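Take a look at this one; I'll ask things after.
Per-chain numbering from 1; labels A, B, C and D assigned in written order.
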Amino acid sequence: MNVLAATTSTSTGEAVQFWVLGTIALVGALCTVMMKKAVHSALSLAGTMIILAVFYLSQGAYFLGIVQIVVYTGAIMMLFLFVLMLVGVTSADSLKETLKGQRWLAATCGLGFGILLIAGIGNASIDSYAGLGKANADGNVEALAALIFNRYVWAFELTGALLITAAVGAMVLTHRERITKPETQRELSQRRVREGKQVTPLPAPGVYARHNANDIPALLPDGSIAEVSVNKTLRARGQMRDVSNEPMSNVAELEGQAESWLGRVTPKRVVRQPEENGSPESESEGAAK
Amino acid sequence: MNPVNYLYLSALLFTIGAAGVLVRRNAIIVFMCVELMLNACNLAFVTFSRIHGNLDGQIIAFFTMVVAAAEVVVGLAIILMIFRVRHSASVDDANLMKL
Amino acid sequence: MENLIGVLVGAPLLGALILLVGGRALDRLGHWLGIVFATTSFAVGCVLFADMVGKDAEERALHDHLFSWVPVEGFQADVAFQLDQLSMTFVLLITGVGTLIHFYSVGYMEHDERRRRFFGYLNLFLAAMLVLVLADNYLLLYVGWEGVGLASYLLIGFWQHKPSAATAAKKAFLVNRVGDVGLSIAIMLMFTTFGTFAFSEVLPDAGSASEGQLTAIGLMLLLAACGKSAQVPLQSWLGDAMEGPTPVSALIHAATMVTAGVYLITRSGEIFNGAPAAQTAVVTVGAVTLVFGAIVGCAKDDIKKALAGSTMSQIGYMIMAAGLGPIGYVFAIMHLVTHGFFKAGLFLGAGSVMHGMNDEVDMRKYGGLRKYMPITFVTFGLGYLAIIGFPGLSGFFSKDKIIEAAFAKGGTEGWILGSVALLGAAITAFYMTRVMLLTFFGEKRWAGAPDPQTTPDVEPADGHPAVGAAPHPHESPLSMTVPMILLAFGSVFAGLLFTVNDTFLNWLEPVTHHEHGDSPISAGVVTGCTVTAMVVGVTIAWLMYGRSPVPAVAPRGSLLTRAARRDLLQDDFNHVAFVQTGSYLTRGLVYLDHKVVDGMANGTAAFIGGVSSRMRRLQNGYARSYAVSMFGGTAVLVAATLLMRAVA
Amino acid sequence: MSFLLTATAATPAVGAVVTAAVPAGRRTAAKWTALVFSLATLVLAGTALGRFDPDGDRYQLTESHTWIKEFGVRYELGVDGIAVALISLTALLIPFVIAAGWNDADPPSSPAGGKTPAGAETTSRWRPTQGFFALILMVEAMVVMSFAATDVFLFYIFFEAMLIPMYFLIGGFGDRAGGHDEAEAAKQRSYAAVKFLLYNLLGGLVMLAAVVGLYAVTADQLGTGTFSLQEILAAREAGRLDISDNGEKALFLGFFFAFAIKAPLWPLHTWLPNAMGESTAPVAVLITAVVDKVGTFAMLRWCLQLFPEASDWATPVILVLAAISILYGALLAVGQRDIKRLIAYASISHFGFIILGIFAMTSQGQNGATLYMVNHGISTAALMLVAGFLISRRGSRLIADFGGVQKVAPVLAGTFLVGGLATLSLPGLAPFVSEFLVLVGTFSRYKALGVVATVGIVFGALYVLLLYQRTMTGPVKAEVEGMPDLKAREIAVVAPLIALLLFLGVYPKPVLNVIDPAVGHTLSDVNKTDPKPDIDLDAVHKQRKADHGAEGAEGGHAEAAGTEAAGTESGAETHGGDK
């Protein structure tokens, strides 16, 4: 932007841009750290990265600015989201600290480190800057290319090798080699019988016709829920919606009506206590009923 | 405004990222915080490039990005694998380093 | 002729080696081998003596350099022998008496299954003693000095199964070691003072050293002499050394080894001549021991211990004479030689008595033995007359000369020393008469009916004491009596032989340099006093033990008697002062080593262990905890960098 | 350039590998392999000794190759008289150690019930025998390298690496516990091994810091850092290397600390009694007669040569510590109840003498100290090995468990006594010469210390004689009854050692001739000359001659004495001529 060889101050426009976007970037960074859900963190980070890309552009690093958007925000953050999707939400998302004193130590170190860095930068007393006018004279991309393919070509080649290795490594890591013959249906059923766990097929989720969503466990004859009817991932995330109280209370209500209709004494209503692993949602739902 | 302010911003972002690494338990978020730290460094490099008027800083930032990309790929693959085995993405669960 | 000196030493050394390494195969003729080697040595000694007598006084000394022993820069010690008149005297005494005692031992040790070993040790002793007197430098002398100590250790403890013998042997070696410290330091002092310790270099020029240096060397030599010659304050081992077989007591602890101290002082005469303070110390030690030994000798009921006290006392005479300087050296040696004869004879006599009495040593259980052992009685009696200084016998001449020399020292010192010597002579007469009366006169006091005619003559089963069985007194075999007779000849005639024409004086004079002292009283008066003292001593003893029967169990006695029986409390003193303190010190140090020195190391280890087991908790396995440490570490590094830059 | 030293060190190393590779169940083959290799080493060491010319260069049989160029580390070997004597000692003792430990690592004999199948199986699979002998050979290889190395770094590597086989030898093989609690014995053993390791490792680490420091100093002052002794000495000679006073002191202390632990010097000694007490007698000999010698040797070669001024500076303290060692070790030996611990404390006393001799800085002292190393090796080996035979017969190390052995096993008692007499430095046996040289050397410069050290010989006699009296004399104890006397193998082990003790006691000149020039070099390194005697006898003689020149007899006498004195000073050659 600035074509002068050595200047002390940037344009006002850039200053305004810095103060506004810089604040947003900071907020984004803080959100990345403090958001409870990983998805929210990822989105905040993406925002911060885009703002950084803008900063790159405004500082004369055009190539990097574009790369930042394309590679970082576009590719890397998408990868993060993909993985998030695969992994899903876990209990690790909880913001509750489990290590004693970890937070205090982290705060102390962070604060100390930040102060030191800032003090160091302040100490450096850079009042003027050269600007990239001269370096970018033939165009930023051409100048970078000249450097990369001349002085840094060796490092560049190595980085290429690294990337390929990383790609192969990721594949190797995520790939599961089957080292035994896949079990046939017969073997599976035999094993089920041998282990005596669950011989029949798993129950399907949903309660009658009213709730057929995948996250709602089926009910057993006594009114309790059959957890195995819900997908394992959902269970791991704790996204199991227990609606057992609703039909139970409906039945009880119906029975009450029938009793009163028949003029008999209302039998004591049995209210099932929520399961231990019932998610907060299901708890609140139960309470709402 | 002096470009030094970018450096201050970079320092703050780095510190926030570092604090995130220390505080969060979800491996993916920890990873994101690491990315944040790398980005903070990149910002500093780009700013130095501008202050000194040569492009070496940008080159370094470029390489950092490439390496970061490689790191993310491998790192996420590892997280996935661990999740598959342990059904958890918490960094605290992988405490096999304990004596 | 020089080469014969090597044979002189080599023969018994070879004998010791063959006998000790040879094993059981030599058991049957081992003792004869030992005698052959000892006799060879004696024969060579005689040849050398004959050769020496044939030469002029100035040319008599022979020198034989064998090989360089310890060559280190300025420190040159050689294995080299020097045979002059002084050494010659000792060589003849050692090999002569030694050979006789070899013969005697054949009979005495007849029933001991380890006789071969005994002769090996005796040969070893001869070799070591010859090295001692033939060495041409102090370091080689030291080898002989410790060598005889070793032989003495082995022979005192020969009956190792007896704990008392083992203890006595150890005690003798240890006390001698204290003396050896003195000799070591003396040699070191010579080395730092003169740069050498060869007789031929140190002695002629001793005068060039300062009196202080000479006094220091002299006192250290005196310490050495005290150890080896059982002089106060290192006298305590000699009494216990009587645990050894009697031939050993005769040879080592009467005739030869214990007189090594006298040899050392005489040999180092030039050093003492330049150090009057050291000489005073020597005469003091001699005079004190003279009386000390005599008193102990009076109280002992054990015949060998009584004789041991006497030995101590007689060596006191010699040491005192040697301490008098040039006026006394010759007489010290003369008394040494005559004492060698009569004391060896006395011990052999005592051995003969014990041999016939089932190894009973308590004189109160003897009595009236003169009828059963006539030869022993006569030879013992001649030795007795010699030691008390009966006119005409050897002891009379040598002791008289010493007493004369003591008076001739002059001044108050001379009077004191002379009086002490006279007192010693009187006490000597007393205790020797007591021994004589208790053993050979009076009633028969041993257990069982004292009628040898009716009881079968049974030899004791072996050399072990079979105390309690009824003894059957009998005369000893020929191999024992012949040496006794020969020694008795020596006791009778040696003194006369030496004194006529001052033979002995002229013989030794070139080596020891003699001066005639001016005695304040005439020689005749001194002789008169000596004879009077002797008569007084004999009379008192006869009054006490000759007229009335002696109780078989010792009476309680006066305080002095009881103290004297306990060797004037020397062992009690040593026990309290050294043994007990030492054992407390050792135990304390062992405790200290375990608790403090080792404890500190272990404490450090425990401390580090404790700290690390606490530090281990930091390694909780949580990656985030480690990350905090890393982050904190980075912060510290940054801070340090900044600080360094701020300072620089 | 010859490869003799490399070969001497490599032979036992190869032997160790070969011995370890002998298949299980062929125990006897392993033993013979080890013995043959140790004898081959002895031959090579003997060749080295024969090729060594005492009057030639200071370092001979040198080898020099670049090893790690970047750090100036070289593979440099070379021996002076001291080193070649000690290499010979090592090579000499190892065959005896192996022969004495012939059955020490055999499988425990099966219990009284007879051979059970399980026991037979452990016997056929038993491998520790191979390990035991391989480890001994490995120690030998490393010790030889430590003696031969003239590169600080090379020396350091072997100085430290020695700890590993020693650790296993101490911790892995102990006396048969006999009637005692096997588990408790194993616990004590591992405690001793760990203590040995930790003490020596600590010293080694401190030394490592000093080694690095030395490199830094040479790199700083010479441009390129070097560990080579010869280069450093040459540079100092040329004035190119001048370590600052404080730097030299610090480096000296770093080196000395490690050597003082190894030697060991009071108060760093407490590992030795444990290590020697718990290990088998041959291993105890290995520790005290071979491995510990590296410590005292290193003081001579490294401390004095590299840091002469600092050595001078530290001398008073070291001498006092050495004197304390002498008395302390002897007094503690008196108070021991365990035979092997007693010998260990006696060794501490003897190491005090050696260190005293080294730092007295006189030719007598250092000659004596070096000779002492050799003699102490032989005498302790003799005493300890016989003690080992004694202990294995009774299954107990306690002095109180013995008594009257002399009666039942006279040869054993006799050899034990000779070993003991050598330990108390009886004249006529080898240690006397060295001990007296040390005392004279010390006395001529430090009178009081000399006297204190001399008093030590009384205590020496005390502990040896007490030990002999309590174990060998007196009435025969019931448990000792029927104890067999030494067997042929055992006599073959002890007899040569005793013969050597006698020979070196009477004629130590061959050894002294090898050592003496090397000591002269070392003394000139530290700029020390022997103190002159107070009286110059030559001057006295001249004076006398002048005074009595006219008198024939006097003059002649003085002249004769004078020539003799001159002969004395001009050294051994003259005496040889005289003869």
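What we mean here is this: contacts are C-beta pairs under 8 Å (C-beta built on N, C-alpha and C of every residue); 3 or more make two chains touch, one makes a residue touch a chain.
It should be emphasised that the depicted structure is a prediction, and the values quoted were computed from it without experimental measurement.
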(request) List every chain that touches both subunit B and subunit D. (result) C
(message) If I rank A-B and B-C by number of C-beta contact pairs, which comes first?
(response) A-B
(message) So, comparing each chain's Cα centre against the centre of all protein Cα atoms, which one is closest?
(response) D
(request) Report the inter-chain centroid distance for subunit A and subunit B in whole angstrom, where each centroid is the mean of the CA atoms. (result) 16
(request) Give, as an integer number of Å, the spacing between the C-alpha centres of subunit C and subunit B. (result) 93
(request) Just give me the whole-number Å value for how far the CA centre of subunit A lies from that of subunit D. (result) 71
(message) Measuring centre to centre with CA averages, how many angstrom lie between subunit C and subunit D?
(response) 36
(message) Going by the contact rule already set, what residues in subunit D reach two or more other chains?
(response) none
(request) Going through subunit B residue by residue, note those that touch at least 2 other chains and give them in order. (result) 18, 22-23, 25, 91-92
(request) Give me the residues of subunit A that touch two or more other chains. (result) 99, 102, 105-106, 109-110, 113, 117
(request) Let me know each pair of chains that touch one another. (result) A-B, A-C, B-C, C-D
(request) Would you mind writing out the residues of subunit C in touch with subunit B in their complex? (result) 616, 619-624, 626-628, 631
(message) So in the complex, the part of subunit C that touches subunit A is made up of which residues?
(response) 620, 622, 624-625, 628, 631-632, 634-635, 638-639, 642
(request) State the interface residues of subunit B toward subunit C in the complex, per the touch definition above. (result) 18, 21-23, 25, 91-92, 94-99
(request) Write out the stretch or stretches of subunit D touching subunit C in their complex. (result) 195, 198-199, 266-267, 269-270, 328, 331-332, 334-336, 363-364, 367-368, 404, 406-407, 414, 421, 426-428, 432-433, 436-437, 439-440, 443-444, 447, 450-451, 454-455, 457-458, 461-462, 465-466, 469, 472-476, 506-509, 512-513, 516, 520, 530-537, 540-541, 544, 557-558, 561, 564-565, 568-569, 571-572, 575-576, 578-579
(message) Using the touch definition from the top, list the residues of subunit A that touch subunit B in their complex.
(response) 5, 8-10, 12, 14-15, 18-19, 22, 25-26, 29-30, 32-33, 38, 41-42, 45, 48-49, 52, 55-56, 59-61, 63-64, 67-68, 71-72, 75-76, 79-80, 83-84, 86-87, 90-94, 97-99, 102-103, 105-107, 109-111, 113-114, 117-118, 121, 124, 126-127, 129-136, 140, 143-144, 147-148, 152, 155-156, 159, 162-163, 165-167, 169-171, 173-174, 176, 236
